[in-house]
Amino acid sequence: MLDKNQIAQRIAKELKDGFYVNLGIGIPTLVANYIPEGINVTLQSENGLLGMGPFPLEGEEDADLINAGKQTITTLPGSSFFDSAMSFGMIRAGKVDLTVLGAMEVSENGDIASWKIPGKLVKGMGGAMDLVASAKNIIVAMMHTNSKDESKLLKRCKLPLTGINCVKKIVTNLAVLEITDKGFRLLEKAPGVSVEEIKSKTEGNLIIDSEIPDMEF
Amino acid sequence: MKKVYKNAGEAIFDISDGNTLMLGGFGLCGIPENCITALEKKGVKDLICISNNAGVDDFGIGLLLKNKQVKKMIASYVGENAEFERQLLNGELDVELIPQGTLATRCMAAGYGIPAIYTPAGVGTEVAEGKESRVFKGKEYLMEYAFEADFALVKAWKGDTAGNLIYKETARNFNPLMAMAGQVTIAEVEELVEAGELNPNEIHTPGIYVHRIFQGNSYEKRIEQRTVRKG
Amino acid sequence: MLDKNQIAQRIAKELKDGFYVNLGIGIPTLVANYIPEGINVTLQSENGLLGMGPFPLEGEEDADLINAGKQTITTLPGSSFFDSAMSFGMIRAGKVDLTVLGAMEVSENGDIASWKIPGKLVKGMGGAMDLVASAKNIIVAMMHTNSKDESKLLKRCKLPLTGINCVKKIVTNLAVLEITDKGFRLLEKAPGVSVEEIKSKTEGNLIIDSEIPDMEF
Amino acid sequence: MKKVYKNAGEAIFDISDGNTLMLGGFGLCGIPENCITALEKKGVKDLICISNNAGVDDFGIGLLLKNKQVKKMIASYVGENAEFERQLLNGELDVELIPQGTLATRCMAAGYGIPAIYTPAGVGTEVAEGKESRVFKGKEYLMEYAFEADFALVKAWKGDTAGNLIYKETARNFNPLMAMAGQVTIAEVEELVEAGELNPNEIHTPGIYVHRIFQGNSYEKRIEQRTVRKG
């Protein structure tokens, strides 16, 4: 079973040289720590920045320089600032190669629910609906089950949707899966996790059409 | 026709109860601090505020919420504000949540005189309810209307007496979009210079969009999430 | 009867302090030479400039700095450059207070024809259709009659239209007229020109509802 | 992933017969001179060119026209070119004239992933023929679609190895809009510097929109209307 950092590490393997990537809040943010050697990736922050760097050194925080999670950050050489319309413009136009974000639920047809729990206070969708509606390639990073040990990979999402038919791949603490016409196709399993366990914790249709290898990092 | 005002209090003199205001900023970054304080002091009520966020309990739009000056909030994310939560649950506050890119683009559309645009954000979700949708090249989009606002309150880094504005880093965010969209746009700047002192090639918001400008003071520029790394 | 410069001079009287103005090619360009004392006007050039100044001094021409007529120009303090989408954005949004342009024909309901003569080569409408469709206030500067001494102020335009119901005022070599629900309302006549002459050279409905004063400059 | 190319010839290597190209510039101001020369040399034919103007007889897109490489021209104003006129009257060339603001906005829409926008330009004229129109708040607008182009060829003043671009003065014009809209965007710049040497706050076109960049040479920057005043 993977921890959050290992999920991030596995997702980082999906990065290709030259990619522009938008990383959501939570596990997705950790992906930046595992960018493979020799691969040059540019991070987009939807509040108006390309070329996001690491957190600043203590004392070098700049209130005018934050990411979409409102954290103080830095820029890397070759960065640029722009307004929010251009930021979502480049997202909508498919210029961002990969979007990694968290989710509460994903359905077997690629729907995602991530922003609202009825009965609980609604905080808002922020940029998530724009991202999932437009991104060329969406990877969801999440735990395979919720705190009640219920599957988060469902036939149909129960929570209000963020977007439909959009998720391409899911990396959980148990497995790597891709969305196909017929449901979740199991690609890899976490070291020490059995296919049976993944089956039992996946409510949506699970396709196992070959020997399932262990994830590599 | 002088655009320069002495301070926020003078610049917002005619903002009235029930007005629709756009307020620039993302979180607490790039918000019109001086204008918000002046609005709080003026005590205008029943405001409809269009802003990406609603500030925190004791800063930003949170100040206006605490003071019960806001009737309706149109935003994309309001998760940082307990007072907001309380008023919403008590039915004291109306809120309309819209996707961030839609919010930005509806402001831009207003500034560009485009009455409506199409975006895929929200298709298949509750955001699409009651909205017209349309398929272009096999993909579904929602029609979204340009925003209207009586006033846009924006914050820039540098400005000149002709109303030209330059923003700093990610404090740009919604500011240039809202600056274009206000019936009356009021800009507060950290540094106000004479026309001619800014490089015309580096202007983010041309002065034609800015009706009033003043040099703000005592900027707090509060940081919401101070994150640092080890040296 | 006015010459082109006098037409421009009369139009300049319509300028108000703080106005943003777009001046078309031809007579409209000359308006810049007659901006009244104490009135501060900012000229917009739709190729991406606010704050257009006079022509450069010999030897100071800058190929990167031209107006919409492709002439070398200069900038004034407080100017700004922007792209063509923003330029027409501010036009469309009604931020430009006054647009002055030439025309081949104007009809009594404010239609304008200015870009195309069937049978002759079409050069294109450039930004004229955008300007007339969006400007808050449009003044047409033109001769009252064409080279065949036929009226250019018509019941209906005969040439292909540039825009409809958009012209507010017309300044010709003979008169100043405004467009009303019922046709051209004569406001002023050029010094030495009779109302009868204006009548005879105006094909569209001409409203004369008072004593007509001479233009003042 | 290197974006930097040695010269125009290498950067346009895969432009092929029948491709749709956007070319930046207004008149001869801010046109991709090096790319045009390379296209002329390469001899690709049946091009569909989207550009505000068509150059003059012996410069700009005029060079491609003279060489009979252009099948169709989409522009707002083409009045400066006798060869253009000849080909058009002979039926050798197809031309589509559209309002300048519509041209600009259709490029921007493409770069912003907005499939269609509404503009009042052309309502009631022959430009409206065959187009869908719609009334918003009592005013009629035409629906205009985002442009598509295989390649966008743009010219900037400064650029860096990450593809960021800064334009100079009115040479900006259509360049940033087309840069956003190309399936492949090729930028030629007067001065190419290392990533990090341009101020990120002053970038006009973020590098994400630019796929290839090279430092051009021998810029002629021809002036169409040299107008001067007495000193």
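Assorted remarks:
Per-chain residue numbering starts at 1, and chain names A, B, C and D are given in the order in which the chains are listed.
Rule of thumb we're sticking to: a residue touches a chain if its C-beta (ideal position, glycine included) is under 8 Å from a C-beta of that chain, and two chains touch if they have at least 3 such contacts.
All values reported here derive from a predicted model rather than from experimental measurement.
In terms of the stated touch criterion, the partners common to subunit B and subunit C are D, listed by label.
Averaging C-alpha coordinates per chain and comparing to subunit C, the farthest chain turns out to be A.
In terms of C-beta pairs in contact, A-B outnumbers the other of A-B and A-D.
With centres set at the average Cα position, the gap from subunit C to subunit D is 29 Å. With centres set at the average Cα position, the gap from subunit A to subunit D is 36 Å. Look at where the CA atoms of subunit B average out and do the same for subunit D: the two points lie 33 Å apart. Counting partner chains per residue, subunit B has residues 105, 112-114, 119-120, 167-169, 200-201 touching two or more of them. Residue numbers of subunit A whose C-beta contacts span two or more other chains: 75, 81-82, 85, 88-89, 91-92, 134.
Contact between chains, as defined at the top, is found for A-B, A-D, B-C, B-D, C-D.
On the subunit A side of its complex with subunit D, the touching residues are 17-18, 20, 40, 42, 44, 50-51, 75-82, 85-86, 88-96, 134. Within the complex formed with subunit B, the subunit A residues making contact are 45-49, 54-58, 60-73, 75, 81-85, 87-89, 91-92, 111, 121-130, 133-134, 160-165. By the touch criterion given at the top, residues 105, 109, 112-120, 136-137, 139, 141, 145, 166-169, 200-202 of subunit B touch subunit D in their complex. If you check the complex, the residues on subunit B that touch subunit C are 1, 110-114, 160-162, 164, 180, 194-196, 200-201, 203, 206-209. Taken in their complex, subunit B has these residues touching subunit A: 26-30, 52, 75-80, 85, 88-89, 97, 99-105, 107-108, 119-127, 157, 167-177, 204, 221-229, 231.
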